[in-house]
Every structure is written in structure tokens, then in C-alpha cells.
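All chains are identified by letter, namely A, B, C and D, in their written order; residue positions are counted from 1 within each chain.
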Amino acid sequence: MSAEAPFTIAAALLQAGGILAAAPLLKTVIKKMKARLQNRRGPPLLQGYYDLAKLLRKESVRSETASWVYAAGPRVYFAAVVAASTLVPVVVAAAPLEQTGGVLLLVGTLALGRFALATAALDTGSPFGGMGASRDMTIAALAEPALMLGLFASALAAGTMNLGVLVRGLVQQGPSWHPSDLLAFAGLFIIVIAETGRIPVDNPATHLELTMIHEAMVLEYAGPDLALVEWASAVKELVYLSLLVNLFMPIGIAMKLEPVALLVGLAAWAGKVSLLAVAVTLVESTNAKLRLFRVPELMAVSLGLAFLALAIRFL
Amino acid sequence: MATLAAIGLPAAILVRLFAAATALALARRPRACRGAALVGSMLASLLTVTTAVEVVASGHSVEGALFRHAASGTVFDYAVTPLSAWFLMVLEVIALPVALYSVAYFSHSLAASRTAVVGVAFNVLLASVEVVFVSSDVIAFLSAWEVMTLATTALVATEHQERASRRAAYLYLVMSHVGTGCLVTGFLVLAGHAGSLSFPVLLSGRVVSGPLRDGLFVLFFVGFGVKAGIIPVHVWLPEAHPAAPSSVSALMSAVLITAGIYGLYRVCAFGLGIPDQNWALAFMFAGMLSGILGVLYALTQTDLKRLLAYSTIENSGIIVLGLGAAMMAMSLERPALATAAVAASLTHVLNHAVFKGLLFLAAGSVVMATGTRQIELFGGLLKRMPWTGLFFLIGALAISGLPLLNGFPSEWLTFQALLLGFTATPGLVRLNFPLAGALLALTSALAAACFVRAFGIGFLALPRSSSASRAHESPLLMLVPQAFLAMLCVALGLLPGVTLSALDTVVVSLPGLQTTTSMADGALGMASGVGRFDYVVPGGFGLAVLGALLFVAAVTARRATAPRQVPTWACGGEVTARTEYTATAFSKPLLMIFKAVYRPRREVDALAEVSPYFPQEVRYRAEVEPTFERYIYAPLVRAVIRGAGAMRVLQAGSLHTYLAYVLVLAVVLLVWLGGTR
Amino acid sequence: MTANVLTLCAAGMLVTAYLMVGQKALLTTIRLYGLQSLLLGLVAATIAIAESRPELLITAALTVTLKGILIPWFLMRTVDRIGIHREIEPFLNVPASLLICLGLTVVGYRVSTGFEQGARGVGHHLIGVALSLLLIGLFLMVTRKKAITQILALLTVENAVFLVAVGVTSGMPLIVELGISFDVILAVLVLGVLVQRIVGRFESMDVSRLSQLKG
Amino acid sequence: MNLLIWTLTIPLLTAGVGGLGGPPALKERTMVGGLALTFGLCLAIAGQFLGGHVPAAFDDVLRVDGLSALVLVLCGFVGLLSGCYGVGYLRRNERRGLVTPRMRREFYGLIPAYVFAMLLVAVSNNLGVLWIAVELTTLASVFLISFHNRDTSLEAAWKFLMLGSLGLGFALLGTVLLFAAGQGHLGEGMSALNWTRLVQAAPQMHPFTLRLGVVFALIGYGTKAGLAPMHTWKPDAYREAPSPAVVLMAVGMLNGAMYCILRIHLISKAAMGPEFSGGLILTLGLLSVLIAVPFILIQWNLKRLLAYSSIEHVGIMAVGVGLGAEAGVFGALLHMTYHSLAKPVALFSAGTLAQLHSSSNFKEIGGGTLGRTPVSSALLVLSAVIITGSPPFGLFFSEMTILRAGFAGLHPTATSVFLAGLVALFCGMAFQIGRLVTGPQPVDQKAPDPERFDFALGTAIVAAVLAVVSAFYLPAPLMALIRAATQVVWGTA
């Protein structure tokens, strides 16, 4: 990356910025749709931005018992997630930083963020932080194999593990309509639900500490720190959804850097993501949260789906 | 340089022996004794490194004879092949900082009376490991192997007043010796067929074939597996590593297991001819098992050093898994693929050595400062030992395989090897690869959980005991080595290309492999080695993360006012060490989920006087069942003891019985002779 | 003629051995041993005369004086001094012992058939007797509890060896034989001393009690 | 006058002086001096042999070939060591007033006598004389075993004497049969029993008689060597005899008996090839190694432990010889040499421990002796490492030579069993020595006598130094002797 370095950087900034900007909207949209399904009006579409602005303006409060790790946690988490967002093709069938790595790097980076946040959660000495960290790491660990296998399934099908190359390949060869795609998609969808802390694995809206997972982990945070965490989580969710849609329905994604193609791509992306958002909403509002010790079964299901996807494609 | 390299190794051995002798002579003066032993060791390490670097750089072996045993007519030939040189480099990269660390560490936490013994054993151990890596003669190899065992035993038994360390030392001794027995048989049978004792002939891969070859493979697999800490012959490891002085534990965990790995490479993978597919499968399953069980057991440990020891088993498993993939590729004659897998495995040998050494050194500082190994009694150490804490954190991030640190590249490479193996392997066997991939993913994720727990519970929040609250930072001499290793973690993480291109000569020197040049993408990047299947540039991506961090700083750090410090909210109560989340609690969910493996047992007895609802006190005991110890080893030992006891009747003290033996023997022989001529 | 005498003597020795197995009174056992030795001497003498080999006569004389007279006398003295005259119940009762001894004799004879007929046509008879004698003596050592009986059994073994010596080889070189006889005396003396020490300490000759050292 | 005669007379004279009355100091000096002189003469004889001329006396009744020379030197060496240690040993007992004049006479008389008998075994070229010499060793050692005159020592002596004499009876029968087998080719007369002639005549011997003779001789001399199942006297004798005498038994006697077995093997090999006697020796050796395993694992007595270890080692040598390969024989003789150098250290240090704690029972000694008697304990550990055949010490190399010969040769299965036995024995020894020297100091136990640097300890240290140095450097003449001995046994001489 020498000649096109400035271009790459620009693209990376653009995509990161775009996703940062769009992420709060996604969260709010899902909230609103949920509210509507429960015959509530729900928050205004810009609520997410209001919250962030407010939190960022508030003074930051920290625990006396905490060390620098506590402050570093949200920042590293945020940085990792945002950086990860540049590894995924969104509007264009290429990831800005695809030259620096593929699926494994993406997963690794998200794991880095999680590590940072979980560690920081243990720093306040509050039992809830510990509980949240423990559960979050547990679920993540259980999700990891299924996630990997799901991604491997599509990666092996395309003969590459680089998301940019992969998506381009998919677009060129056109939709394969292979059943394994469906299985892999289902498997990954479950994982995404788990990773983004949604019902039935976790309840983002709960205020009962004992049932919290992600929320318990960040219970102590306030002000800008909290803002970073919330924002990063939103970004993470958006990244996952974009990954999902572009891996399995790369329809309309821009193959060339032309205004029209870009606009089409943008529209297609927005449409597909909101479609997936609807799915997430439906799952959230039609299911109850699982007991922690039922979650492994769910993970096992998705693992099975992913493995099956591999098997039926290659045997 | 070249000349120095030529004599580097024998010189190093001499220096070590001299250092040992001096240490023994100065036994009465601990200070001087320590100095002699450790400085000598560092000097020797430098000498060895020159040779190793020279060999790895040039790709030409350095050969010679170390010593001639006139009586039995054995000549200790040695040959520093690129492979040996690689393991030597790994060894010395750890041995140097460990020696430096020990200078201060021994003075604080080693009884003066033990200094001489430990100093001698330390040098003898390193010398023997060096000889193991380079010897090209069976007898030389076996003697070095045996001396290595003895020296380690001596070091493990340093605190021989404690029953635990006596037990650990003996367990280690016995298991290693059984392993050595397998090796002796294997090597001498080979020698019998080859009519020679020199490795180049023995390990040419053309000596034996057919079932005998498989039998020998099994012998060698067991023999080397014991030292490599492969499950199920691992039971000595979690006992022995914690028992030794921490700096020595670092050495053992980082380097001693690589002696076993080296053996697996030299003999099982590349010494017996083209590997059989079943061998590869055996390796892969052993690797998976060790990886997953190792990390699972690590997760539930509350003894920091035991935890690290179990994680050593895990990483050794990952190394073997990579090697297994390579053997599978070799059995299918896919050199490119085999190269990728070997590169993955060898890289992990180096990386694991670095971060495990770092972690053990940091753990040593902590144990020295708190006087305990119980994570539950640490807490809040980051504020009291900021540097040690930082280094431990770096090690923890690295061992969890997170990007930007050196755990990531090797796990990345291993994943490549597995996925490519899947594409390359025909038939149902291929499903074994995604399985391995999934297990590897699970393993590394669990490792992350394990080290979040270790660092978070151990170093953060409030001190959980008075000893922890009185802890203080270690002396500079103990911090410098950790700093060195920590920097190495970062450097190797950001410059994986360097490792790969250094590996080139090593890999090329192995039969059936090809160059890694297609894998190293400059200093910064790596590619999967097969087409553009995958590639990664951690450094470049690191810039992105850095940029994001700057953005965060920009967003949050506008305000001048410092953040307000308030007590943590604990449901209205006061946050004390007792309200903190414990390590046991942290791993509880996983304990429940993996019941099948842990078979946990808990006893809760509540003393209630008034009514069961108002217990006076509640006692809670929980333990994880040591499956292998309980169901394989304990019965074995009992059987042996019982059998031996039963034999006592043969010598029951009655002269008449003894005479009867002779009578019976005479009659039997006479009948055997028969009559008619 | 010679052959018959030899066979007769050999058979006689075997008989004495059987009698020793059946016998419990110590003094009788010693006398039986003496008789056995005398027969041995007779064998030697016969061969010496038949083949006119004077040095064998010396052997014969030695045997008679030493084993026929001196040693029995010494042992009887020991017994008298200790004053214990009966063998206590051996490990095996007499009939069983006799059966086993028959088996041992068969083994001995079977082995002896491996020899070619010696110069005097009785070679392998003598060998057969000798080997049986050897095994029976060893068997006596195994079953008897009294120190003295064990010594006697040992000496029976010695006799068997001598029988082979004179019967098959027509005698070892003289010096060697002298040395050996000298050693035998020495051994018997040592045994006697040891027995007296044992008795002095344990107030008994029952060596089956000597079983503190185990494992 | 002939060196050979001197070598035999000097220890006899020493024994005479020691056996009569006289001041202890004189006896001490005579014993050390006499045995030193004897050792010197042994070396001189070996030198003569290597110089190419064959020392002999009494028209070849005494004759020194390579094998004799090797055994002679080793026995002389051990004799000197045990003499020096013995002086210190008795002094210690005198310090505690345990020594009666009778004891002193027996001790100073019997030890040189024992040495004399061993040397006679080594140099005798004649079956008959050999037998007499072995009988003499037996008689000499009986009263050394019953030295302390405890119940148990009488018991041990009785058992030793009974088994020993029985064995000798067998050996005599074997000798007679060998003689008979050769009759007609050897003629009458003393020289008819000479090895040299027997070996020449062996091919024409009557095979069955020969086989029978070999079997009986092997059982007989096997009893003296302590090969299973005739080993049963060993633990008792080792436990009861004073350490200096134990050294003579464990090294001198063992080498002597091994020497006899080798001689028998030679004749049988000359007549029927190595298989017959080799097979027997191999079987007995393997049995000895295996029988030692359980008893070492469950042992509670230090000196018995070492007895079983010496059963193991004689087994190892037997296996080496029995394998029927030149390398095996060489390994066995190398093993004999290194064993003779290493075993005294073990026995000396063990003896010191036992003497200072006035017991050789683990329970009574109690663990953690490193804290109480550091030097002896360290020496014990060192010697244990050596005699369990660990590198870089000599026994490792000899065992490797034997193992290699075994795996390369006709008996790979037997060899792997043998190896398994060695591994198990290592584990057993490690366990026992480990629990003895390491661990915390036992409470509620009367303190042992302090370990002071006396003559005995000095001897032990010197022996240890020799054992360690020899691992890396065997003097060239000694090597030459071992090779010569190998040639004698392998019959390429």
C-alpha cells in the first residue's frame, strides 16, 4: 500500500465515519420497531444521537478503586470496533483496509475489544462488573467456534478468507442458491444475535442487574465513557449486520466507484440492513430471554448448522 | 563471526560446565555463587545465539564432536542444523532474560543453602537442553535427554520440605523415565536395523517400514509426548512447573516442552519417512485434546502458576495440531501446504516461548511480592506493582491470540493450515479439519476468558488479602527481562514477516517442504502460502486502531476537568474485598457448561441452630475432578504397589523355601536336559 | 564281579538315603550317614583294586576315615552336648516324602541314561544313584527343620558328588581331592560352631525359627 | 620370587597379623599397608600381562590371562578400599565401645583372608583350585556376616552358609562332570583340570556330560554370584555384615563368581557354541533383574535395598554375557568395571548413615537425612544416580552397550523386557533414596551421632571422586585389560 495509500486512508475514514454516523440510528430504529410491535410510540429516530451527545457532554465519573485499565477499556473497545468496521465491505464490494487482513483479523479485533471491556469491568470491584464480564466472556467463547465455522463455510466456498475478495467473487459468480448458504446464514444470524447482546441471549433493555450480561459489564460507566461503550456496541451491531448481508445477499453492492453504482449500493445496503433489523426485532419481540445455561444449546444449534453447511457443500 | 559460530556451541557448553563448577566451589558464598552461575549462563547463551543465528541465516549446518567417551567408544557428534538452530534460538531468547531475572529473584526467594545446587542444576539443565537440540548421535542424545530430566528434577525438588514438590519431582522423574524407556527402545531398534548410531543414517526415513515403523512411531510419540506435555501423558506438568522456582518454571514451560516438540519434529514427523495418514490424525487429535482440555483446566485454577502450566499444555497442543496438519499434507504430498503448517507450528513454538516466559516471570514477581500463588488472595496489584502488571497484561493479551501481539500470527497461520488442509484432503477425513478449526477457535476464546480472569481478578480492583495490599514492585533487575520479553511480544506481533522469512532456511532444510518466501510479505505481512487465500498485515491494521484511538481522545478529552472519583456503587453497601467477584465465581458458568469435562463436586454444609433459614455459618467446598489422575494413574500405581507387596512372599525368611527354589531349578533343568544323548 | 559289587554298594547308598528320609532319631540318621560314607569308600576301593589305581585307595581311605568316622563322631558329640535327640515334625510327612524321593530318583536315572556305558559297564548306574542321592539330599535339606539334619543332608549331597567323581572319572587329581576333603572338614567345623552358637542363643536347633529377615 | 605368589602371600600375612593379638594401631597399619601393597602387586601383575608376558605359577595352576588380570585388579582395588573404610568403621564402633578384642581379631583377620581368597579365585587357572578358593571365600565371609553376633546375624550367616555350601556342592559336581567329559583327551594329573587344556579339549568332549556339568556348575557359581533364584541369601547377608565386608561381597565376591561363570561359559562355548550356556545365563540374568524390581519398590531397609541393587547388577552382567554377542560381553565387562568403582560409594555412604543412626531401617533413620548427615547423604544420592545407570556416568554407557547389542542381536524381546526392568528399578531406587534423603527433619527422634570427617568418610569421598572421574576417563591400561578380557571370553584371543 504505497501509491494508493492516501486513497485507502480516505476510504477507511469515509467508511468508518459513515458507520459511526449510521450506527446510533440502527439501534433506535430497532427500538422503535419493537415499541411499535408493542403498541408504543417509541423514541424519535434521532434519540440515539441525542443520548450520545448528552453523555459526551456530561462529566465523567469513575470509581476510586479503579486503575487506568478502567478508563482504557471503553477506548480500546471503541477503537477496535471502529477499526474492525473498515475490514468489512459495506457499500462497495471492497473493504477499505482489506489489504491488511480478512475474516480472522476481523474476529480477532472484535475479540480484542471484548477483552478490553471485560477486563475494565473487573476494575471497579463491583460484583456486577465481574458477573457481566464472566458471562460475556463465556458466551463469546461459546459463540466463537460457530462464528468461525460459519465464516469458514463461505470462505472455503469462495476460496478466500479476505472479505473484499470474497464479496467480489460472490457478485461475479452470481447467487449460487446453494442450501449450505442458507444453513450458514442461519448459523451466523444466531451468533450475531448473541454477539450483539440481544434477546434471547441477552436483554439490552433490562434494568435487573442479575439478568444483565453486557449491561452489567458496563454498569459502572457514566458520561463520555458510557457514550463510547454504547456507540461502539451500536457500531459493532451494524458491522455484523453488514457482514451478514454482504456475505449472503451481495445484491446491488457497488462494483465500481461510480456515483450511480455508489448510490445504488448505499440504498441496497440500507435496505438489506433494515430488513435484517426487522428480523432481529421480530426475534426480540417474539422470544423470551433464555436462562444463561440454556444459551449453550442455542450455540450448539448454530454450530451444528455451520458444520452442516460445510459438510453438505463439500461432501 | 563465522569462526565464533563454528565453535560457539562447544564453547557455550564449556562455559556452562565451568560456571557450574565455580558455583559449586563458591557454595559457601551465595552472592558470588549466584553471580558465577547466572553470568556464566548468560555468556553461554550469547555464544550459542551466535551459532544459531549464523546457521539460521546461512542455512548451512555447523557440525563437530563435543566429547569422546573412550570406554564405550561413543562419540558425541553434534550438528547444528537449521531446525536445531531454531530451537536453540528459542531457548536462548528465554534463557537470557530468565538468567538476568534470576540474579535478583534467587537472592530474594531462595534459601542460601540451596543457591549452589540450583545454580549448578540451572546450568546443567541448559547445557543438556542445548545438547539435546544439537546432538546427532543416539547415545549423546539419550544421555543429554536423561541429564535434562535429572537436572529438572533437582530444580523441581528445590523446596523438598514441601510434600507437594517432592511428589511433583518424583512424578516428573518417573514419567520422564518411562518416556525415556520408550525412546531408548525406539532408537536402539532403529540402530539395530541401520547398524549405525548417527542420526543422519537413523533418521533418513529409509531404515524401517511396515508395522514395525508404526510401532516405532508409537514409541517415539509417547516418549516425546511426555516431555511435550501432551494429554494424556501430561499429568506431571501441572505439578512440576509450579513447584520449581518461578524463573525456572518460566524456563520449563517456555523451553523444556519444546525439547519434546523438537523430538516430535526430528523423529516422528521427519525422521521415519513419509508420515502415515493415521499418524497425522493421531497428532491432530492429541493436539485438539491437549488444547481444549488444557485451557479448560487452566480456566478453573486458582493457583496462578498452575494456571499457566495448564495453559502450557494448551499451547503445546496447538503446536502439535499444526504439526499434525503438516504431516497430513506430507502424507498427501502437498509440500506448499505442509510448509504452511510447519511454519505455523514453528512460529508458535517461538511465540509461545516468549509470552509464556513473560507471564511466568511476571507471576514470579507477584508470588515474590505477595508470598502466595492463590489468585483469590491477589487483587489490586496493578496499583502496587504497575510495571509487573503492565507486562502481565501484555502477556495475557498475547496468549489470548489477539491481534497486534505475537499470539495472533501463529494462531492465524494455524487456521490457514487447517483450512487449506480441508481443501486439500479428500474423503471424510477432511471433516477433521473444520472440527479442529472450531476447537482451535474455542480454545483461543477460552484462553481469552482465562486470562481476563487471571489479570482482572489478580491485578485489578481491591486487594483481597493483607499480603496483597502490602505487595510492592520488584527490583529493576527483575523488571528489565520482563520488559524485554514484552517488547518482543509486540515486535513479533507487528512484524510476523520477519519470523517467517527467518524460518525459511529452517523449513527448506526439512525433507518434503519448500521455501516460505511466498508466505512472508515483507517484514509486516504474512500470506497463507497458497495463492492469495488469505493475507494479513497486523502492523498496517495497527495504524487504523491507532487512528481510532486518536479519534476517541479527540472526542472525549475536550474537557479540562479531571473525572470525578467516587466509591463504587454496591447496592448501598460498601465495596470491600469480600464483595468482589472471585476467580472461582468468574469461571463458574463455564464450569457448569462443561460439567461433562470437569465433573465438579461441591459440598455445602450450613450450620443452623434456630432454623435452616437462618444458618449460623455456611461452609462451601468445590473441586474439579482430576479425571486422568483419578481414573488412569491412581489405579495403575495402586496395582503396582499391590503386586510388589504380593511378591514379598518369595522372600518370607524361611531357608527351606530358599533351598526349595534351588531344588526346583535343578529338577527343572535336569528334566529339560532329558536323558538320551 | 566288580560290576556287581559296585552296583550293590551304590544301591546300598541309595537305601541309606531313603532310610534317612524315613528316619527321625538324630543319632540313627548320623549312623546311616556314616554307613553311606563307608559304602562310598568301598566303591572307591573296589575300583582301585579292579583297575589297580593306588591313588584311588588313598581316596577311599580318606573317605572312610573322614566321612565314615571323624565327621559322624563330631556330629554325635555335638548332639550329645546339645542333648536334643529327636527330629521334630518335618514339613512333609514320611509317606509323601518317600513318594517325592521316588520321583526324584526317576529324574536322576532318566538323566543318567544320557551317559555312555562307562568303562566298567556300570557307569550310568552309578550316575543314576549319584544324581538321585544328590536330589534326595537336597530334598532333605528342604524338609528338615533341625540344623544337624540339614548338615547331614548337605553331606549326603557331598557324598553324591564323590560317588560321581569316583564312578565316572575314576577319581580327580589327588591334590585337588585332598584340598576338597580338607575344605569339607573345614566346612563341617564351621557348621558345627555355628550350630552351637545358634543353639546357645535360641535354646533350639530348629532352624525353621530363623525367619526374622524378610522382604 | 614370583609376583603371583607375593600377591597371594601378602594378604595371608596381613590376615595372620590381624588375627593374632597385638595393639589395634598395629593391626590398622598392617591391614591398610598390606592391602595397599597387595593392590600395588595386582597392578604390577596386570602390567606384566599387558607387557606381553603371562604370569603363571605351579605349572599353570595359577595363571593370569586378560580376564583374570581384570578381575584381579578390581578385587585388589576393592580390597584396599574396604580395608581403609574398615579401619574407620571399627574406630567409630570403638568410640561407642562396641568392640571386643575377639571382634577386632575376627575383623582384622577375616577381611584380608577374604581378599586373599578372592585373589586366589581370580588367578587360579585350575577348576579344582578355583573351587577351593571359592569355598574359602564362603568360609571367610560366614563369620563376617555373623560379626555383630545378633540373632539376625546368626540367622543370616546360617542361611548364607547353607545355600553357599549347597551351591558349592553343585559347583563341585559340575567340575567333576566337566573333568569326566574331557577324560581321555586330558589324561590324569593336576593339569587335566586347567582351563587352558579344557578349552582346547572342549570340542572333543562328550557333549551330554559336558552339558550336565555346565548346568550344575552354573547353578553352583550362580549361587555365589547371587543370580535369581539362588539370590535369597544376599539381602540377609548384606543387612547383617559390617559395611566393609559387604563391599567385599558386593564387588569382590560378585566379580569372582561372575569370573567363574564366564569360565564355564567359555568351555561350553568352545564345545557347543554360545547358545547353550548363553541361553541359561541370559535367563538367570533376566530373572535376577526382574526379581529385584518388586523388592526394591517395597523395601524398608537401606542395606537390603543395596543388596537387591547388586542382584540387579549381576543380572545385568549376566544378560550382557548371555546375549551371545561380542558387544554384549564387552558391555558386561565394562559394567563389571564401572560397578566395582561405583558400588563401594553407595555401600560406604549407606554404611555411614546406618552406623550414625545405628539402624539401616528407613523408619528408624527417618527422612531428610540431607539435613543431618549432609556429606554421606549427598554421596548416597550421587552413588544412587550412578548405580541406576544415569548419564553421564559409566554404568549408563555400559548398559547402553548391552542394550544396543541386545536390540541388534537375536533377543530383542528379552532385551525389551530387560529394559523395562531397568526402568522400573530406576523408579524404585529413586523413590527409596528420595524418601530417605529429602523431606523435613523427623521430630521426636534421637539425634544421630554427628557426621565427623574421619577416615571412613574420607575413603568414601575418595571412592566417589574415582567413580565420577572414571565415568569420563578410564586409564588406557584398564581399557586394554577390558578388551583383553573380552577377547578371552569371546574366544578371539
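Keep in mind that, in the parts below, contacts are C-beta pairs under 8 Å (C-beta built on N, C-alpha and C of every residue); 3 or more make two chains touch, one makes a residue touch a chain.
Quick caveat, the model's predicted, so the values are computed rather than measured.
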**Report entry** Per-chain CA centroid nearest to the all-protein CA mean
**Finding:** B
Query raised in the report: Among the chains, which has its CA centre at the largest distance from subunit B's?
Result: C
Query raised in the report: More contacting C-beta pairs: B-D or A-B?
Result: A-B
Query raised in the report: If you average the CA atoms of subunit A and of subunit B, how many Å lie between those two points?
Result: 36
Query raised in the report: Taking each chain's centre as its mean C-alpha position, how far apart are subunit B and subunit D in Å?
Result: 45
Query raised in the report: Per the centroid of Cα atoms for each chain, what is the distance between subunit A and subunit D, given in Å?
Result: 80
Requested in this report: Using mean C-alpha positions as chain centres, tell me how far subunit C is from subunit D in Å, no decimals.
Outcome: 31
Report summary line: Note: subunit D residues in touch with at least two other chains are 158-159, 162, 166, 208, 212, 235, 295, 298
Query raised in the report: Taking each residue of subunit A in turn, which ones touch at least two of the other chains?
Result: none
Query - Multi-chain contact sites of subunit C, meaning residues that touch two or more partners - result: 111, 114-116, 138, 141, 207, 210-213, 215
Report task. Go ahead and list every pair of chains that touch. Result -> A-B, B-C, B-D, C-D
Query - subunit C-touching residues of subunit D, taken from the complex the two chains share - result: 126-129, 131-132, 135-136, 139, 142-143, 146, 149, 151-152, 154-159, 161-162, 165-166, 169, 172-173, 176-177, 179-180, 183, 188-190, 192-193, 206, 208-209, 212, 235-236, 239-240, 295, 298-301, 304
Query raised in the report: Okay, in this complex, where on subunit B does subunit A touch?
Result: 380, 382-383, 393, 397, 400-404, 408, 412, 415, 419, 422-423, 428, 430-431, 434-435, 437-439, 441-442, 444-446, 448-449, 452-453, 455-457, 460-462, 528, 531-538, 540-541, 544-549, 551-553, 555-556, 559, 561, 563-570, 575, 579-582, 585-590, 592-593
**Report entry** Contacting residues of subunit C [partner subunit B, same complex]
**Finding:** 91, 104, 107-108, 110-116, 131, 135, 138-139, 141-143, 145, 207-208, 210-215
Requested in this report: Would you pull the subunit B residues touching subunit D in the complex into a rising list?
Outcome: 69-72, 74, 139, 142-144, 146-147, 150, 157, 160-161, 163, 166, 169-170, 173-174, 177-178, 180-181, 184-185, 188-189, 191-192, 195, 197, 640-641, 643-645, 647-648, 650-651, 655, 657-659, 661-662, 664-666, 669-670, 673, 677
Report task. Note which residues of subunit A are touching subunit B in the complex, please. Result -> 1, 12, 16, 56, 59-69, 71, 75-76, 78-80, 82-83, 86-87, 97, 99-105, 108-109, 111-112, 114-115, 118-119, 121-127, 129-131, 133-135, 137-138, 140-149, 152, 155-156, 159-162, 165, 220, 223-225, 227-228, 292-293, 296, 303, 307, 310-311, 314-315
